[in-house]
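Right after this note come the structures.
First chain A sits with chain B, and in the next complex the same chain sits with chain C.
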Partner chain A sequence: MSTDNEDDFEPIQVFPEGDADLRPGADSCYKCSTCDSSCPVAEVDDDFPGPKFQGPEQWRLTRKEDQEIDDSIMKCSNCMRCDGACPSDVPLSQMHNTARAQYVEESMSKLSVEYWRNRLLANYGTMARFGSMFPRLTNAVMGNSLVQKLNDRFVGITSERDFPEFATETFREWWADRGGAAVESDEKRVAYFHGDYANYNTPEVGKAMVRVFEHFGYEVAVPEQRCSGTPMFANGMLDDARRAARFNVETFADLVDDDYDIVCSCTSCSMALRQEYPELFDFDDTERVSAHTYDAVEYLRIHEDLDGELEAVDDVDAPDFAYHAPCHARNQGLDGQTTAVLSNLGDVDAHDVGESCSGISGTYGWKSENYDASMAIGEEMFEHMDEAEPETGLTECPTCAMQMEHGSDYPVKHTLQVLEAALTDRPLPA
Partner chain B sequence: MIGTEVLVVGGGLAGSVAALSAARDGARVTLVSKSESTLRQASGLVDVLGRVDGDLVADPFAAIEDLPESHPYSVVGTEALREGLALFDDVTGDRYRGGDRNALVPTTQGTVKPTLRYPASVAPGIAGDGHETLLVGISTDPDFDAKRAADTLAGTVPGEVRGVTVRFPRLRDDAKRTRYAKLLTEDAEFRDALVEKIAPKVDGADRVGFPAVFGEDPAFVRAELEAGFDAAGEPVSVFEVPTGPPSIPGTRLRDLLRHELEAAGVELVTGVPVVDFEAESAGSGDEDGERVTSIVVDRNGARVPYAPEQVVLATGGLVGEGIDSERDRVYEPVFDLHVPHPEDRYDWSEEPAFGDHAFARFGVRIDDDARPLDADGAVAYENLRAAGAVVGGADTATGKAASGVSLATGSRAGTRAATAVTQS
Partner chain C sequence: MATTTEVLVIGGGSTGAGIARDLAMRGVDVTLVEQGNLTHGTTGRMHGLLHSGGRYAVADQASARECIEENRVLRDIAGHCVEMTGGLFVKRPEDTDEYFQEKLQGCRECGIPAEVLSAAEAREVEPYLATDIDKAIEVPDGAVDPFRLVVANAVSAEEHGARIETHAEVVDLLTDGDEVTGARVQHDSGPGKREHGLPGETEDIHAEHVVNAAGAWSGQLGEMAGVDVEVRPSKGVMVVMNVRQVDTVVNRCKPKGDADIVVPHETTAILGTTDEEVEDPEDYPEEGWEVDHMIDELSELVPILSDARTIRSFWGVRPLYEPPDTGTTDPTDITRDFFLLDHADRDGVDGLTTVVGGKFTTYRMMAEDVTDHVCDLLGVRASCTTADEPLPGSENLDRLESAMDDYGLRSPVARRSKERLGSYAPEVLGTDEPNPVLCECEAVTRAEVQHAIGQAGTDLNAVRLRTRASMGNCQGGFCCHRVANELHPEYDAETADASLDELWQERWKGHRHALWGEQLSQAMLNHTLHATTWNRDGDDADVDWDAFAGPTRTATDGGSHDRD
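Coming up: the complex of A and B.
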């Protein structure tokens, strides 16, 4: 009784020279401009011509050899809202990702400060690896106001924001220290894609994911991995992204062979493995890894009676939350999940603070030239957070969490931490 | 599998009304849609029955009595329409206007659309009262040629209608409607500059119509602009003319419905198509029919199964891909429900563009419980209902009845699904 999917647009149809054939996408666009009206950047930035231009229109224009990609492509924040808005299934974010990569490759000077600033931001994991070797020193230096001013002036990284602190013990160090998996199982196995941020900055999220899955009897694997590639796509660093993606696909495909499913705690990581990898790359196992990748909470809902377990919990050491659904959760159809799941907990309320984009979109809001637009986009979310009763934030995206903290001064938690508190009786870390 | 009581497939007007009806009746509801709500492309007007046999309808409730048996209104009855409208009125409150008779709403094409419910921001522009009207177009927005629309309108409605095109201040040529909306809402200087440009052209008009770009709070923008015209010595009423996509009034209606769905505890799952389902015999005997036991959605390649007790299909018609066709057949792609259609494809349409096309009536047929019927007229699945444009039997585009059918069938499907849940 399967539905007929023959007509579905196949993102990668490799041309002889190896580029994705985006013509079916461009041809599907009937110019209704709904994507433009869903674009948070076009609403606040007079210099941004919107996703319809950046995608199908620019693709057509650049079929002519002398036509270069417009530099406004770098103003796209890669929130991917246009994908969900399109009634005609035009792969807008894929078109933006390829256009951005082409712009960086052909039109951006490799000697420019902008290029190296973007490269630095895109390769956050590399920066974090060195930074977290001496976390206290790095935190002190990066938190220094003079360093921040110099960054702003000479590198183009805004001094308005506080750098995320590196944890004194990374998630992987904790994992190795505890001796790896505490539960063994032949039937229930998940491989955890933690990404760089949960490893270097918020290991408590990774620990919560491990403890919750072990509570349900899963054997958790934590393989070697690289950045999901999200900040690389967003900065047009497609070669860097390809290297990282290839490593991840090969590693996790082996685990899929051993009956593991892949779970992510960051919704941009799951988005990358599920959607962007198959749209941008065609390694042998790309599609198979994508089809076996899940958001961690989504996975528990499918395979366990999560609702029932939470309903049976009578006392949780957690406050009420102001919840923000990240754009990349929204684009996977996960925007209603957290409030629905937590509604099973009698004494915890997760209040949704609305549909607006938080405005930071990964590295976008870290760039000096985007800071004001980033805060203008976030204004609606800040107002809703302010109006809502709870004074603790909740979200699944690390950079949305930064923006929520920045605009409200609330501490911000991850949904897995609430599940950890409810199911394993641990207090929510401060 | 992810458990839920009522699973609604489709997030347009019919799906939203079905989900909201079911949730307000106490069911736990999940609404799954393959992309963002189509209401963003819709005018934001609610037409219930505007034309019968080409003639304008003033009283849709009277005209419904004479519709053929196959019409969805005839199947679910006026009562379902009344319930759907009551829900709509409750959700929209003072943001919408309209009673039991159609109003003529001027469009950006200069035509008038017979409509039962319309945004309050549109109300001062209703045609037929003889007031003198000035329509204002934005020079960079090719979708609204104010002068042409005014000429067309002037030929059909009482009262003088003039059109003028102005350049909105300091914006790029392809600025988005959302950008205009944000500036009109937040920037007093922008509003003042606009009024300054238009005031000299008012010249005694009673009302000034703008393309519908007044943002989330049109009452505020209208009040501010009216105060501006007042101060310039040209007192007028200011109103919106509904546009084609992307539609700000459609987006506002979508936002209102979404807010109510969230408040009613409906879980909204957007961006995922339904790709598969499973069914089993509803009882032990051959006579018992079948019931749907699971629905599988696709999340970027991963299959995610839901186990609902009741299902509402509100996936849209031919345009919304809730009904699809191949060279030799017309079908409903999720459950492969029966869609009556002529065998010979050359009978699917007529030669004239606006002829009496068979394709305009394509869709599944339902009973008065909103359950789709198979080719023999029996209920297809005892726990499946259908609502909105996926239901056929009438040409709702020509009859200006699409929104009303969505309200009536959505309300019927949602309330009956909730009843079935509470009874089981």
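Coming up: the complex of A and C.
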């Protein structure tokens, strides 16, 4: 928990260094094991004890003075499927995130390669900021197979995967170049949380989001922002996450005051702002920002006649898609959204490739030691992609997209890009 | 069957086990008999408070002084049974400052370290304390596992040559004129550790002296010798919460009252208690309002308790005693001091001493007094060493703690197991065999269960109390059968099944007092799981077991497919 305001002493601040006491959360668990049977890591890794142990059991066995967290917490991929599986509202991912932060704080050597590798992965945005200053050079270096082998051997980042390429023009550069918002409105306003990936790697997703919302008459704001914190939670870097989250909450709260709602194109970013921020932090406006945050497509479905607009489109320059619903979309109840929305388009089919986890879970599948498990988890999705007719992938999560590409060699698009193609008559970028 | 011993101790609670250990260490040949398993009576039904003496510092300073002295002794000799949590006496606005000052003064007069904490300081120690408390006194209260402590005393006594017989009920005292000369006991299943399926037998144990340490039952034993022991059994309820809302003992700082203490105990917190006289220590009402009363009252100190999950409740009966003609009407006014009744002196009956009253925290001191008295009678000159010799399991704990071996267990499992086993940890956990966790709630492994079975035989409740298996939030729903399974193949399937049933019934006894909210869901899940997977809601007699025998396929075969 945050200890920003010392006077505001909350009962949740039990442990030293302001860590949360989540033992009472164990009261909700009646040990049914539904979480364990829905955990993709436990399914492929017999050494992983599963969310029931990581969460309610481990917390219940904890005492104030002994907080040694079992090292298996680092094997949790933070897919958060256990949250959705639990019939009894055990705050599983909150328990995992908090335990992981304690483990990193107390038991992981700050001099170890693992710590610095994780810190590097967790702070992808910082890495990307420098990398994208000279995108072609960075892409060439990171794409070099020797560099990849050295990374694998000495850093612990798998050489099996190709590093995502940096765009030659970031989303924010494009936004500044075009002079910001092209539509002004006092009633319809959204503040776009693009996250690092849409900015540095897939600006076309950000552009699609802007064009689709402008099509519906929204004034779009693109405020300064930091990483949502998702990779930081997943690596137990809670201090880094707190700094980023505080910045984001303060910035976006100001816009909420000016009647903006917050929309995200990445389902992990919306998950972070909506669920993880209030579970882990208590800045002044955390709850308010959370309550005003939406997934971009979800927002349009609530406020616009998206179905009607799409039904009226007669010709879309887009192929059929093999669609994968990211775990974090699933947790927000958005897993059926893309197929439902695209079913309004007569000549585009989004074929759902099943409910399994893609296996990459952000930074998890990038770690050398997790690569095999990551691919084993993804196996079911790969098979379904292979069996389905379409040869273009579709998903809302950037790392699920990496995994889909990696396992199938299909190009992978974002739902907003299909909407852009349908509504603004632009061809789907290659 | 007849045997002889120098001293026969009746009662396997803290007092009896303490006396047996002390006598044995002084070289006396001693036999202890207990009707159930160790701590079957009051010792096994307490809240597990290791008194600092603070609770008695105003009204009963002699007891308070004994408590702080023994508190220090137990930390030394019984480290693996004690958790030094510290304690708080918390003053709410409606409690008087006068009493707070008396409490503080009393602690200081009795040599109990006591510090005043402001409300903010107290809430820093215990963040779930109510926001409107005034202040608190911090004292060295602790938590103690009564069962582990009694077992350690019994094991130590055995190591010094004593014979410990559980499940051996005294059915009569043997007398010779005005002298008690022993007792007739009925073994549940033969002497030694309990083995179901063995027929019981009667044994006459002849002794030079008999010590009646039967607690709430000591009046009934007295009757067998024709002496009056005026025990006034008084019941108290204890409510077990699923998690530790506090890591410190929290007392309400006001004169005597019900529902004024929360004791962190292992993974749980125990709320206590009431004080109400009952007729029969074995048959008294257990009522819902008593449980509600605990939660309602203590929520004033720790508000989160009002919505917290309760996993069970249990009642204990204090063997309060007061000398004839004291005439106290309110049981809370009866002294907590102990009494040694020399029946030769008092009633003209030789060969029998009764010890009654007293407190768990000072059990060792009581045992020392009784042993001094008995040794005097027997002409034994050896002096008491029980305050200095660590109990089995508590030897060299510092050295163990620095040995970082986790025995291949996950860290919370290793930590909990090592704390329970104390110095037995390397021997028990250092197994080459696969060692899965059998009870996940309490982190108990197969090796620890096997070790307990080695001591307790088929009595799975004794195994439970040694290991804590089945004492967590599922109340045995997910582990009772795994524990029972460990009896096989040493014991046959029928014996294991009978033991399982016994354990399960005992779990239900306390579990049924917590059937609302989450624990009701738990009970229902346990029921449906057991019913659908092993027909435990059905009558075995109705099942045609023969239908499952033989090579024929069962009726679940869906018939032939077209492709077949």
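What we mean here is this: the second predicted complex is superposed on the first by the 407 of 430 C-alpha atoms of A that agree within 3 Å, B and C clash if a C-alpha of one lies under 4 Å from a C-alpha of the other, contacts with A are read in each partner's own complex, and residues count from 1 in each chain.
Simple rule for what comes next: contacts are C-beta pairs under 8 Å (C-beta built on N, C-alpha and C of every residue); 3 or more make two chains touch, one makes a residue touch a chain.
Keep in mind it's a predicted model, so treat the numbers as computed, not measured.
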| item | value |
| --- | --- |
| First (chain B), second (chain C), both or neither touched by A:86 | first |
| First, second, both or neither for A:32, with chain B first and chain C second | both |
| Partner chain in contact with A:224 - chain B first, chain C second, else both or neither | neither |
| Which superposed partner A:177 touches (first chain B, second chain C, both, neither) | neither |
| Touching partner for A:332 - first (chain B), second (chain C), both, neither | first |
| Residue contacts on chain A - larger count, chain B or chain C | B |
| Touched partner set for A:355, first chain B, second chain C, both or neither | first |
| Which of chain B and chain C A:409 touches, first, second, both or neither | neither |
| First (chain B), second (chain C), both or neither touched by A:46 | first |
| Chain B and chain C footprints on chain A, overlapping residues | 32, 49, 53 |
| Residues of chain B defined as touching chain A within the complex | 1-3, 30, 32, 35-36, 38, 40-41, 171-172, 174-179, 182, 245-246, 248, 251, 258, 262, 265-272, 274-279, 297, 299-305, 333-334, 336 |
| Residue ranges of chain A touching chain B (in the complex, touch as defined) | 1-5, 32-34, 36-39, 42-44, 46-47, 49-50, 53, 83-87, 89, 271, 274-275, 278, 287, 290-294, 298, 301-302, 307, 330-337, 339-340, 343, 352, 355 |
| Residues of chain A defined as touching chain C within the complex | 9-14, 21, 23-24, 26-32, 49, 52-53, 57-66, 68-72, 88 |
| Contact set on chain C toward chain A in their complex | 120, 123, 127-128, 242-245, 247, 267, 304, 308-309, 410-413, 415-416, 440-443, 472-474, 477-478, 518, 521-522, 525 |
